[in-house]
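There are two complexes below, and they share chain A, which is joined by chain B in the first and by chain C in the second.
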Partner chain A sequence: MKNQNKIIGALDIGTSKIIVLIAEISNGTDLNILGMGEASTHGVNKGDIVDMEATSNCVYAAINTVEKSAGTSFEKLYMSLTGGHIRGFYNKGIVGVSSPDNIIVEEDVKRATESARVKELRPDRVYIHHILNGYKLDGKNIEFPLGKEGEQLEASYLHITSDEKKLADQIHILNWMHYTVDDVILSSLASGCTLVTELEKINGSLVIDIGAGITDYVLYLNGKIAKTGVIKVGGNHITSDLGMALRINTQRAEEIKCQYNKLADDENLENRHLWLYGDRSIGDRPVQVNAIDQIIEARLDELFNIIKNELGTSFKPNETVTKITLTGGTSRQAGITNIAKNVFEMDVSLGEIPNWVQKELRHPEYSTVLGILLFALKYQKNDIVSKKKKSRFKILSRLFSSSK
Partner chain B sequence: MNRKPNFDLSNENSWRRIEQKGFSHSISESVRILKIKKRLKQGSIISLIIITLIGIGWSANYIKNNHQYFNIIKFPQPVRHISYRTTGVLSREWLDTQVDFSQYEDMMEINLVQIKSKLEKLDQIKSVSIKRNFPDEIQVYINELEPIMRYVYKNNNNVKELYLISMDGQVYKGHNYSKDILNKLPFIKGVDIILDGNNNANIDELNSITELLLITKKRFPRLYDSWNVISYNDFKLNIISDNSVIVIKGDIINETLFMPYNFDLQLNNLANVIQFSINNNTPKINRIDLTLNDRVNVKFD
Partner chain C sequence: MIANNSNIPDDNNESVNPDKNIESELLNLNCEIKIPEVDEDLKDLEINNESEISPKLKIKIIGIGNAGNNIINQFAAEKLDGITLSAVNTDFRAIENSKADECLLIGKTITKGLDAGGDIEVARNAVESDIDSINQMVANTDLLFLISGLGGGTGSGATPIIAKKAVEHNALVICFAIIPYSFEGIRRQQQARESLAELRSNCHAVIPIPGDILFQQSNESSSVTNSFLLADNWIASGIKAIHSMIFKNGIKNVEFNDLRNIFKNKSGKTLFGIGQGAGENYIKKAIENLFLCPLLHTTETCNCIDRLIVNITGGPNIGMNEVKEVMDAIFEKYSKDIEIIYGAYIEEGMNDKIELFIFGSNNVEGPVNSNKSKTIVYNENTNSKKIVFPIKSKSKGKSKRTYKRKNKIKKVDNQIEFLFSESEQRGLFEDDKERNLYKDVDLDVPTYLRRSIKLTL
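Here is the complex of A and B:
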């Protein structure tokens, strides 16, 4: 078979940094990461682009780095998407079974899915994903409806939508550099792709990706995406809280946050302290670590409670959900798993990047961009399968046409 | 049906309705630089293509107008010219009888090593160098032996055959030598040269005489030309023996006797005697004995 190697790029524009990975997909099955480029982000606030020029320069820097490190350019580009403008809703399509013997045929399934997917949006909104959530036959959940007997078939879809202009801004930045975006993937789905196995999805799993500006989450129930959302709270809010509470500037608050994370490895934090300005100048004074701990805990506790409330009744600890995974840059915050554990009333772990990924990329902030690559790989597989089917069909049709 | 891709977007409300295209205006400095780089790259590629096309066109036109200079050699190429260069006297006609190049239809077919070996087996030829000069010429360089003596050999049937002896003692039958050349060569007598199958003689026996002849030919060419016979009758292989004498008979001096060594000294003495004879207008020298070391015995007519 002819080798079908493709060089693809995965771009994640975050609030604090832009990450680009370049990888080679061989024969639609093997993924080989060739290089990584990173750049600090300017012009992005809580996932939304507020300064096109500044963001454009940062994206250019990251892409330039990755292409130089890999020594090649990508042919296809996949991009993650997040922000407060992302919305999700369910829609159902209900059809009566058409055949006289009430056996469901392909046409019935097609009508049900089309009905579930046809819903007019506001003119400023666009669909990002249509995620099949399952079928019901006469009110009962079924996995594969084809060939079953019943009267009414229901298809349920989770639709993810975005603000058209905000998405267009992100795409146009790349268009200006003469790159075309091949697909857009919701950040939370990309992170889930990296960190959760198929079995964990079936058993129920919650992935929370805490970035600098926003937090994405995705809930898997019975192997399907049950809920996903974006909360405009992230690591920057912790820094901001520290700044306000201790009356220091943001830069110093970020330094104190990092110093606290280093100290937090010690068990005895009772009498430990950090210097407010760090330069022992006039007015510099020690701050009890416990006080910092309380400020951070308050913000994270609030964040996890918001997520818990949004999940509602679908989240039942150790019943519907058996695993909670934290990822994203802010998941490195010391003590975060304990705070989450208290809120969700079950064990919480930090996301582990799979072993096939290079050691340098096995950090929580790369889970989204790695997920984009996995999504692209899955997309390529489907693409190859459909192309193979098409080519087989072509051969068959040629055989028939030649026999005429 | 569940196995169908979940992320299917065929709806007109899909994000794919957002138009993706390169924009004419640049929003930031980096994008501007990128655009300039891309345009330069595109420009250089286009220029390269144009230059290549112009080059091809010009070359085609040049070849069309100057096709006589572009003879493309197609193999097989027959041998059209054979040139011989020799240091001696061998003629083209004689050489053509030895090597037949016409049997080869193709330049590349010719086995140069074989021909070289064949020519070098000929007794008059010392060494041969052959090379192909494409498209159709074979060049043969021949280094011949240079004769300094003649030798008459009686074969088994008592028939006399003339042989020549080269500077390095090779005995061979000469070809293409003119009478003028041959007449200038002295005969050697009193030596039984036993020829092997390749006409090679015992070189050791001839070493001393060839040395004498070479020095004489170089220092006194007229005297050398006047020498007719070199006699080995009183020559013994043991050159240290006082009795070994080389007798040379010639036109200017009837008989000259040499010791088989110290030729320079003897020739100096000979030169002094001749000079004395000319200066004093003496009668013709009949015999001169140079074998007495510091003395010379001269007999006038």
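Here is the complex of A and C:
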């Protein structure tokens, strides 16, 4: 089985773009990207599918392109999931060590894990991930409980849940095209997978993925996922704000946003201006770049403040967190790192996609879809999946963490 | 036959008629009516009137629920002659302390004499269970004022049903409804709004008094009771003005039929305003005060009116010139096309003082399908000497001028402007049904607007 090559697909349905990657996994460890397909999205609002028909057509177009360009079709498909309906909560499983000599055996770990994961959800919610957040033996944090001596073992899990209907919508779209979805991955975790190394996770790292419709963030502390969430603000909000302030339509607002980004490359913005319509028609007039700057800054400043607020006390600049990474399409916005820097009171950098990825894919908007591939690869490697079904959509619940 | 209620004065026994027996039977069965001795003459009058058509109008004020009962208690001190005060409640304690002429405890079997606990359904069931007593209460009334606080249980649930019954008994029903403060929560507001819509389809006129206005009017240091007193005052002055219009003899009288005529449609929205002026230039001050009356500037007020009653109460030195000045100002503010009926009265001790009161309606139908087929026939028997000169409005409805004015008024009103622009502030996300809320802030509204950043564009 190990020598078998597998063709897998990764699908990311974003608010503005649908991206599909097709890749080959050889020997169970090597990943080779064969092709990429893109299509602009219709029928998705702030990460939620609102028009299944329209979205389905876009997904079909993207998959069609990728399969043609790669000359093959995939056997397994993984997709990302995001949206305002994602929730996370902590749950602990506490068991007494069973053996008379108080040495922890596999059975104890299993029982602790099980009891942490048995929590019943409301009928409209389903589990997406169970993320191990560490063990405690008699109240002390330990990394590997097996073989240790103690009386009481505690397994702590971060559970990510999703609205059943929203998840079903996504899966249905693929089912219509006779593809089966093998697994869904939370977008923020996928981006984190691409951009943050294991060491950076241990040192504390925050990844913020700002898309067109929404923003995902994930915080790693001590190598574990401590917090993840979704804020329903994205690049479209900047466009909307500009459109309202300047009283121009969405298309022109988008253009102004891009023109501003180009302008902002030359550092001196004082007294510069942009033409309102750009076509010298009646009513066209110069607009101060400063004003555009203010509008965009206010929006992004607020977004980062909301994230900072959500992270709460677990976030301490340069103490618990040593690296903040921005990614996603909107992270191309000029001056965004400075705005983030002011809010988080520490250095903020744009995410760098590792070198093994082809050059044309090293753009911030691809970090999620690349992450899905990495995730799938890891999934292939760790063949320790507990195949316990949690929903009728073949979503496999499993451990997602480096530690077994 | 069950014996007469012992509370009814003896001297009426000789004129016993079958109707009366049924009445008292009902009283005994379904409600607790306590009639204080003070109002013997009034009771006397009413019972005698049953046999013959009375020249005198019967006016009743019913306070429903705790808020309504409290205002009735205030009225009891005022002693307006010819008006019967009634209190309806599910709460026994409130009924017990009531100073009203007649009290009705509804839903004894349902709430066991406790309040409705904010549940409209409970209140409705309570009224339905005592519907005979309600019929009894509203029968033979020409003009009925209902006072209730919406958003709770009894007021919201019972008032529309009582209004409906009263209209079926040919009464002209005017309802004062106190809308809860917005800090009392969305649920109460919602409940109040629903009941208000229901009231509008049942009453001839509804005057909503938003709690938020009371809040704005009272200064920061003033107590809660003060702000409630303001509501009481507004209602009291409104009722007093209507009362004096109908009962007092003035320079220029308004008849009950005129009032009927103004509210012949069960209108959606009404206009209700009070203004006072004293001292130098008291006419001008009063007009200004009237147009600044906060009740004219709520979202619930109709600013496009078709018919209007104007009542002027002043001292003996008031002349036709002063009346003209007031009327000119009102015509200026509203349209010349509207149908205006005015009354002017002289009251002793009002030297260099004037009180204005306007009350209007429009031709727009109420929000819900009001049963329009039911026209009210009022037995025109009063020896009225009509000298009204109604300026008939063209059936075309509102002229362009009134529309313009409406907009003008809107600008003054911050509340409307705010609500209006709220939905427009969402740009690209205008069509989203759900608001993108984070800690009660709509994130779809541009940040620069919410942080009120001044832009130099």
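Note that in this section the second predicted complex is superposed on the first by the 381 of 404 C-alpha atoms of A that agree within 3 Å, B and C clash if a C-alpha of one lies under 4 Å from a C-alpha of the other, contacts with A are read in each partner's own complex, and residues count from 1 in each chain.
Please note the rule applied: a residue touches a chain if its C-beta (ideal position, glycine included) is under 8 Å from a C-beta of that chain, and two chains touch if they have at least 3 such contacts.
None of the values given here were measured: they were computed from a predicted structure.
Superposition of the two structures on chain A leaves chain B and chain C fitting side by side, clash-free.
In the superposition on chain A, A:Q294 makes contact with chain C only, not with chain B.
Of the two partner chains placed around the shared chain by superposition, chain C is the only one that A:K232 touches, whereas chain B remains out of contact. By the touch criterion defined above, A:A334 lies against neither chain B nor chain C after alignment on the C-alpha atoms of chain A.
Between chain B and chain C, the partner in contact with more residues of chain A is B.
Shared-chain residue A:L121: touches chain B; no touch with chain C. When both complexes are overlaid on chain A, the residue A:I306 reaches chain C alone and has no touch with chain B. In the superposition on chain A, contact is made by A:D241 with chain C only, not with chain B.
Of the two partner chains placed by superposition, only chain B is touched by A:N57; chain C is not.
In the superposition on chain A, A:I171 contacts chain B only, with no contact to chain C. Superposed on chain A, the gap between chain B and chain C at their nearest CA atoms measures out to 23 angstrom in whole units.
Residue ranges on chain B touching chain A, taken from their complex, read 1-2, 4-9, 11, 13-15, 17-18, 20-23, 26-31, 34-35, 38. Note for the complex: chain C touches chain A at residues 425-429, 432, 436, 438, 443-444, 446-449, 451, 453, 455-457. By the touch criterion given at the top, residues 52-54, 56-57, 60-61, 106, 109, 113, 117-118, 120-121, 125-132, 135, 143-146, 162, 164, 167-168, 171-173, 175-178, 180-181, 183-184, 379, 382 of chain A touch chain B in their complex.
If you check the complex, the residues on chain A that touch chain C are 45-46, 231-233, 236-237, 239-241, 243-246, 250, 287-288, 290-291, 294-295, 298-299, 301-302, 306.
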